[in-house]
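You will see subunit A twice below: alongside subunit B first, and alongside subunit C after that.
What follows is the complex of A and B.
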C-alpha cells in the first residue's frame, strides 16, 4: 500500500522524463547506426572530414579558453566580494546576479555593440591612435570567447563567493604572519582549499560554453560554426537530420565524458586533501 | 593579505565589476539614440524605438507566448516534481538516489539537442501539436530545478512534524498542504522563479519547436537582430532588463535573492 502510493507519486515525473528525454535520444541514435551493415560508418565518416574536425576542435578550444578567462577574472573578484562586510557583499551579489538572470541574447547583443567594426572598442582604439583602421573582432573565435566568458562569469563568481565566505581567514593571517605575501597566500592557502568549488565552477562553464547555441550564432557568424550551431545548420538549412543526429550524439558524449573526467579529478584532489 | 584592505585586489574587483556592468549600460544608452542604426555616442534623444516595439507583432505576440509557456511549464514542473520529491524523501525507497539522478538527467543533455530530439519524437512521431511539444521541452528544462531545490528543503524538514499532524487527525493530504507545504514554501517559490526565468529566457529548446504561428520572444529578438541593426533591439532589451529587475525585487521582498542560487 505504502509502496503503491510512492510509485503513484513518482510515476508522472518518471514517465515524462522517460518518454520525452530518453525515448527521443534512442530515436535519434537508431537512424545513425542503421544506415548500412557497418554500425559506426556514419560516425567515422563524420570524424574523418577535416571540416568537422575543425568544428569539434573549435568547440573544445572555445570552451577551454572561456573557462580560463572566467576563472582568472572570477576568482579574484569572488575573493574581493567575499571579503566585504555583509551589507556590501549582499549588494555586490545582487549586482552580479542581475546579468545572470538577463536574457543571453541581450548580453550577446551588448558585445555586438562593443566589438563591431564601428563599435565602441574600435572607436576607443582609433581615438587613442593605437590602430589606424578598425580591426575585426566581431565574428571571430575571440568574439565567441569574450561573449561566452561574459555569459558565464556571474555563475562562477556566485558559486565561488559562497565557498570563500566559509573559509577561515585566520589560516591566511597565520600564513601572512609567517611571511607569505598575497600571491603565496592565494596559490598556497586559498586555492588549495577551494579545489572543489573551482572545479565545480569549471564544469558548469566548460559544459555550458561547449553546448551553447546563442553566443556562437550571434558573435561567431556563419564561418565560425561550433557543434551546437552545426546541429542547427545541418538540420534546418541542409535538411540532413541524420547527420545532425550524429553531431548531437558526439556532442552529448563529449560533454558527458568531460564532466565525468573533471568530477573524477575533483574526487582525487579531495582525497589527497583528506590524506594530507 | 587578500582582504578588504588589499589595494590590487580592490582595483581588480572594481575593474571586473565595471566590465560586467558597462555592456548593459551601453545597451540602455543606445536605446535612446536618434540615428536609424545603433551608434555611440548617441545623437539626440528619443523614445521612438520604444514605441516601435509595439509595431513589431513578433515582439508583442512573442512576449505573451513566452510568458504563457514559462508559466505553464513552471507550474507543471512544480505539480509533477513536488510529488516525486515527496516520494523520494519520505518513503525510504530503495533506489531513491538513482531516481534523483534520473530526474536530473535532462540537464546532462545539451538544450539544443533536447529541442532537436523532441522535435523528431513529439512533433513528427507522436504528431503532437507544436505548442504541446514546446511546453514539454520547457517542462524538461524546469523539472531539475524543482527536484534539486525542493528536495534540499524536504531533507532539512523534520519528518516528525508531519507524523504529529497525522496523529492529531489530519489526513495525509491535509498534513501535506497544512504542515509540509508551508514549511517548504521558500524553496517552492525559489524553484518557481528559477523555472520561470530560465524558461522565459530559453532559446535552444524553443529553436526547433517554434513556428510561424508560435513565436517566442527571445527567438524573435534573435531573428530580428540577425536581419536588422536598429535601436529597437536596445529598447526591447531595456524593457526585458526592467522585467528582470522587477522579478528580482519581488523575490528579494519575499525570500531574499540569494535563495535563488543556493
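What follows is the complex of A and C.
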C-alpha cells in the first residue's frame, strides 16, 4: 500500500523528466523524418561527403588528443593532490575546480589573448629565442585541444583524486621493498589500480570535448569545424535543419557507442578488485 | 648470508614524541630474531625503518659490512611481509608472487619454476589464477609470505605474518617459515604479540616496551630469567614483591621482611612463579619462609591455584601435591632462593 502510493507520488516528476529528456530528442529527429523519401539515404549521403568525413574525424581526433593531454597532465597533479594532508587536499580540490566557475566565453577569450599572433605565448617563445617569428596557434586544431584541455582538466583531476585516495598505500611500499623504483611503481602498481578512475575521467573528458561548442567555435574559427560547430552552421547560418539534425544524431550515436565500449571495458577490469 | 645490525635507532614521527629510543639489535647471519611486545610499542616502526620505508631520526643499520642507513628502500633487496598483507589487487596470485622476480629481470622459465615452487610450499598451487579479492584472510597472508620468500632475500622481515590464521594453520605455517628460513639461511626478524609463537620459532627474542628493547636473549633465558618487571609480567609471572634495599645477604621488602635471593644491582622487585612457591608443613629455620592465609581457591585441572594473603602481600600459589586446602586455612609458604628472581624496573 505504502509502496504504491509512493509510486503514485513520484509519477508527476517521472513524467516530467521523461518529457523534458525525450521531447528535445524527438524534436531533433523529426526534421529528418519529415523528408518524404527514405531517410537512410540522408545519412549515407552525409557520410559520403569527404568534407563531412573530415569534420567527423577532426571531432574524434580532437576529443582523443584532449583526453590524452588531460590524462597526462592530470595524473601527476592528482597524485600530488591526493598525497597531501587532508586539509590541504580539500583546499586544492576546490581550487582546481575554479576554472569551471568562470563563463565559457570569457575563458576562451583569455585563450585568444594568450595564443594570438601577438599574444603572451608567442612573446614568451620569441624572448626565449625558440622561434624567430610568431607562429600561428590560434584558429588551429591545437588551439581547440589547448582550450578543451584547460576546460576539462578539473574534471579529470577530480575523478582521479577520488580513486587515488582510496588506494592502499602499502601496495606501493610492498612494490618498493620488492625492488620497484618510482617509475616502475607508477606504471605497474599505481596506474593499474586506478583503471576505474582513469576510465571515468576519460569518458567525461572525451564526451565533453566531442560535444562542446563554445571552445571550438572561438578557438578553432570557421575553417576548423567540429560536429558541434557544424550543427550550428547548418542550422543557423544555412538554415538547413534537416542536415543539422543528421549531424546531431550521428554525434549522439557516436558518443553513446564510445561510452558504452569504455563502460564494458571498465566492468571487465573491475572484476579483479572487488575491494581488496 | 648477512649479519644485520641495528645501532642506536631513534625515531619520532612528529619531532616531539619519541616512538623509538636508542634501540639496538644485533642479529647474526642466519638467525631468526623475534620482536615481542604489546600493541603500539614500536614493532612495526622498527621493521619499517629496517626495510627503508621510514627514515630514522637517528641511528644506523648495517648489513654485513655495509652501512645501508641511507640506501633507498628498493635497493635494499629485503623481503617483507606486511601486517595488512598489502597484496596487489590488480594482479593474480601468481603475478603477485612473481612481482619481485620480474623486478630482478629473471627469465620467464625461471620465474615460472620459482613461483610454482613457493606456491606449493605455501599450499597455494590451486589458487594461482585467483585475484586477492577472491581469497580468505589466511590465504592472502600466505600469498604475502610467498611473495617475500620467493626472492630468497638476505634479510626477511615479517610483521605478524600469522595473526590471521587459525590455530592449526598457524602452527604449521610457523614451522614452515622456520624450516625455510633455516634451509635458505635467511636472517630474519619476526614480529609478534604471541609468546608461544615467538618462543617456538626464534633463536633470540627481543622484548620491546615503549620504543626500547627491555631484554634481548634466547627464549630460554627470557622465560627463566626475565631481567625487568615488564618482561616478567609480559611472559606470565604473577607474583611481584617490591624491595627497598639489599644488606649484603638479603633483600629488604617494603614490609620489612628479609628475603634471600641472587644479588643484583638495581633490583626493584623479586618475582617467583606460582608453582615454585612450596606449601610446607612446619616452619623450619630455612630462609624465605612466610606465613599466610588462603583467601581464594581455583581449580586448574592438574593443580589448585591458591590466593594467599601474606605479610609480603597477596601471592598466587599453584599446588600439585597436597590434599585440597580450603579458604581461611593458614599455610606456611617457602620461596626457595634459587627460584626467586631479582628484577629491575
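In this section, the second predicted complex is superposed on the first by the 256 of 276 C-alpha atoms of A that agree within 3 Å, B and C clash if a C-alpha of one lies under 4 Å from a C-alpha of the other, contacts with A are read in each partner's own complex, and residues count from 1 in each chain.
In the analysis below, contacts are C-beta pairs under 8 Å (C-beta built on N, C-alpha and C of every residue); 3 or more make two chains touch, one makes a residue touch a chain.
Since the model is a prediction, treat every value here as computed from it, not as a measurement.
Touched residues of subunit A were counted for both subunit B and subunit C, and B has more of them.
Contacts of A:21 after superposition on the shared chain: subunit B is touched, whereas subunit C is not. Looking at the shared chain after the overlay, A:173 reaches both subunit B and subunit C.
When both complexes are overlaid on chain A, the residue A:184 reaches subunit C alone and has no touch with subunit B.
With both structures placed on the common chain, the touch criterion links A:114 to subunit B but leaves subunit C unconnected.
Of the two partner chains, subunit B is the only one touched by A:158; subunit C is not.
When the two complexes are overlaid on their common chain A, residue A:252 makes contact with subunit B while staying clear of subunit C.
In the superposed model, A:9 lies in contact with subunit B only, and not with subunit C. Of the two partner chains placed by superposition, A:142 touches none, neither subunit B nor subunit C.
Once the two complexes are overlaid on chain A, the subunit A residues touched by subunit B in the first and by subunit C in the second are 173, 176. Interface residues of subunit A, counted against subunit C in their complex, comprise 168, 170-171, 173-181, 184, 188-189, 192-193, 195, 271-276. The residues of subunit B lying in touch with subunit A in their complex are 1-4, 6, 8-10, 12-13, 16-17, 19-21, 23-24, 26-27, 30, 38-40, 80-81, 83-84, 86-88, 91, 93, 99, 102-103, 105-106, 108-114, 116-118, 120-122, 125, 136-137, 139-140, 143, 147, 197, 201, 203-204, 207-208, 218, 221-222, 225-226, 233-234, 237, 240-241, 244-245, 247-248, 252, 257-258, 260-262.
Those residues of subunit C that touch subunit A in the complex are listed here as 51-53, 73-80, 82, 84, 86-91, 99-100, 103-104, 131-134, 147, 151. Residues 2-3, 5-7, 9-10, 12-14, 16-17, 20-25, 27-28, 73-74, 76-77, 79-81, 83-85, 90, 92-99, 101-107, 109-114, 118, 120, 123, 150, 153-154, 158-159, 162, 169, 172-173, 176, 182, 185-186, 190, 210-214, 217-218, 228, 231-232, 235-236, 241, 244-245, 248, 251-252, 255-256, 259 of subunit A are the ones that touch subunit B when the two sit in their complex.
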